[in-house]
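Shared chain: chain A. Partners: chain B in the first complex, chain C in the second.
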Partner chain A sequence: MTTQSEAQSSAFSAEEMEFVAEDELVDIVPNMRMEPLNMICGDFGPFLPQIAARVPIWLAVALKKRGKCTIRPPEWMSVEKLTQVLEAERDSEKEFQSLPFHYIEISRLLFHHARDDIPDIYMVRSLIEDIRDVRFHKVETSLETFDGRTSAVQIKSLSAMEVNIVRPFVMKALQAFQKLGGLVPESDPLPDSRPPEVDKAAKGRRTLRGR
Partner chain B sequence: MGSYYDIDDILSEEEPVTVIFRKPANGVGIDPSAEKNCVEQGSKVELPLWIAHELCQRDAVSVNVPACFDEKTRLEIQADPANVDLRSRSPYFYELGCKMAPITGDRTLCYFLFFAFRSRYKEVLTKAHTAAHVATPKVLSRLTNEEIDLYEAAQSSVAAFKKWRVGGSRFQPSSALGRKRRSTD
Partner chain C sequence: MESGSRDGTTEDLESLIATTDAELLRRAWRNEKAAPEILRYEKHLVDRIEGQIQLMEETVDDYTETGVDPLTVSLYQMDLDRTQFLLRSYLRTRLLKIERFILHILKTDELHERLSDKEKIFARRCAGVIGKHLDDSVLLNLPENYQSALRQSTTSEEDDMVLEPRLDTFVVCKAREYISPSEFQDDSNSSLSMDLILEMEPGELSFIPYRRVQRLLESGKLEMV
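Now for the complex of A and B:
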């Protein structure tokens, strides 16, 4: 389990990402009475039967396992919302729809621990899978457009897991580009069909290196 | 240059390159065709890169561009970058090229390396992400060590993600246990 993070010390393993995602907040409806919990990360509760409370996922899962609450799936995890997102994802070539940063992990946690609390779970699950596939495909195609002028990659509203998956590759690819591109004398344009743009990028790189 | 103990760095410097001696050198047995223990001016010798580099710095030799960067390879790369077997040319194709460029003073070599990598990395990425299982040695046989490194980075992170996604519970006792306890409450 930890082998991946050991092998590539810069990347988190999927399990570590899941652990981080457990700090996200969800709404629960307790069926018991309990004093507020004072945690370092904040105070949660008080818990009253049928009164919704907002707690971290790890706490929600712990209570759920003891049968003390039902978890309210987050707003974005409804069939309508997800269908909208999926359509929008398919429509736009480049842009990513805004979803929670940890949507992959959160959905997996909830599917696993609170499957009876999610309406239309099969639909929701397959929608999220679809969204993830579409987005990941987009990430892949955007990674294929490195042209050596790239010294950094900016993609808006990419989720944690998606970043984590491509991180090792992107780092190594950019390093290689940096190395090979650094050899090319900067006075000369890079071998490219668009010399002027390349020249601009070469200047950008110079300032970066000077840092 | 990599770090001192970088094994790839060391191995890439083992690659033989052809050098031409500018000065005669006495008392060295590095030219196998010479009758005596000395190298005459203008003789062509194959030496590992690390020693060629040193000699070149002392102006004792001039280094030829190795055969793996010849015109034929360049044309092949231009025609169909993804399918050129660079591994058979040199397992450390890029590393070697990077080190050769300053020694030989061949400016086009830099362009060529850059172009080759830029057109080949996409293929590496696609192959790595679509590889269903770990075993895809067929693709790997064409890639240089640098590209294999890249391939494995991409492939292992996707594989780890897939494993996590299908993996069942790891930290909790099985749900069957929990249910039993709840029913006895």
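Now for the complex of A and C:
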């Protein structure tokens, strides 16, 4: 009960995000023969040795765990592609490069369950970590540009996990702006840091009174 | 009536794009989890999914008895488990919201109509039990003017003790098709939003007050993330 209601404030838990990402498709190369699977979430197969098939990640992982297939890492997970993305992320200050919506979860799942199928795994892993850091830094700096007039924020190609991480903060911040903006409708645009300071001051006062 | 016809058109649209019910359930689950208020119960979808779950359960039983390859059986079982998890989580998220905003839902016809038949029964019984508990433990011991569970006192002009969802809360949503500025609902209580011209390209993410996209969400033009 508590976990459910807590989960509601940030909408999705990390586990739920992973669950969602497990439905993304990857290519596998089976080493066995199996009839097509007609599942609730779709039809997959038939599976023939050495012939690639496209399945959801959870299915790929299940087969991989039993040694029935190798997973082909998606194209964007190559050293070459990731280096390009990283460079582009570093070059542009505001733009985000397009990566799969669930790139963090997908790469984590594959690192965990299919490490022997990923060429240059250490390189790939550190590239993804770098990309994540650069992007997150960008998210943080773009948050600084919010002001009291922000009534909606559009973000291009932010990933699922990134949204989930900033969601609680952004929601509260925008709400606070809206509330304060409603109190003083015609004032000049305030410096960005103002409302959080007010908030802090109020909190400070409260603790003082408490003592 | 109106919601019924709208229901029909979205259903048609969905079948045209040939999305699986599992995908639709995932979307319904995400929307329900991220929206502050209770959404319309996806009756047809849930009925279909329940049917598929039952069918799959029978298939799995069949396969186990007839000795089909255990690997295949376990994969079907996993698919079944995942679907059931999603369905349960969907229904549970709704129950949580119903419990939380129970009085508000019961006194607002529009919201009450969004519940399934079983949820309506649940809401009524739950409200009865909570009401009785509040009466017994506190309210009936208070002076006569203060005995209502809905109002602070008889001098209150409206029901001011009923918890309502905050519709101006910000949500993250993703456009499923191009949305022009005129399609967003006006934020009536703030003039600030008007100077911002808003449009969305398919796939674009936005933080936006829920109130402004309420109808777009209902029509399926955007989804919650």
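Convention: the second predicted complex is superposed on the first by the 175 of 211 C-alpha atoms of A that agree within 3 Å, B and C clash if a C-alpha of one lies under 4 Å from a C-alpha of the other, contacts with A are read in each partner's own complex, and residues count from 1 in each chain.
Going forward, contacts are C-beta pairs under 8 Å (C-beta built on N, C-alpha and C of every residue); 3 or more make two chains touch, one makes a residue touch a chain.
Computed from a predicted structure; not experimentally measured.
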Touch test for A:112: chain B only (first), chain C only (second), both, or neither?
first
If you stack the two complexes on chain A, which partner ends up touching A:163: first (chain B), second (chain C), both, or neither?
second
Just chain B (first), just chain C (second), both, or neither: which does A:49 touch?
neither
Partner chain(s) touched by A:178 [first = chain B, second = chain C, both, neither]:
second
Taking the superposition on A as described, I'd like to know which of chain B and chain C A:40 touches: first, second, both or neither.
second
Is A:68 touching the first partner chain B, the second partner chain C, both, or neither of them?
second
Figure out whether A:18 sits in contact with chain B (first) or chain C (second), or with both, or with neither.
first
Looking at A:59 after the superposition, I want to know if it touches chain B, chain C, both of them or none. Which is it: first, second, both, neither?
second
Once the structures are superposed on A, label A:152 by its partner contacts, choosing first (chain B), second (chain C), both or neither.
second
Under the contact rule defined above, give the chain A residues that sit at the interface with chain B and also at the interface with chain C.
4, 7-8, 11, 148, 167, 171, 181, 185
Chain A partner contacts - residues on chain B that touch it in the complex
94, 98, 101, 107, 110-111, 113-115, 117-118, 121-122, 125-126, 128-129, 146, 149-150, 153-154, 156-158, 160-161, 163-165, 169-170, 172, 178, 182, 185
Spell out the residues on chain C that touch chain A in their complex, using ranges where they run on.
20-23, 26, 30, 33-34, 49, 52-53, 56, 69, 71-72, 74-76, 78-80, 82-83, 85, 92-93, 96, 168-172, 187, 189-193, 195-196, 198, 200, 204-209, 212, 224-225
Per the contact definition, I'd like the list of chain A residues that touch chain C in the complex.
4-5, 7-8, 11-12, 19-20, 22-23, 34-35, 37, 39-42, 58-59, 62-63, 66, 68, 148-149, 151-158, 160, 163, 167, 170-171, 174-175, 178, 181-182, 185
Note: in the complex, chain A contacts chain B through residues 1, 4, 7-8, 11, 13-15, 18, 65, 67, 108, 112, 140, 143-144, 146-148, 161, 164-169, 171-173, 176-177, 179-181, 183-185, 188, 190-191
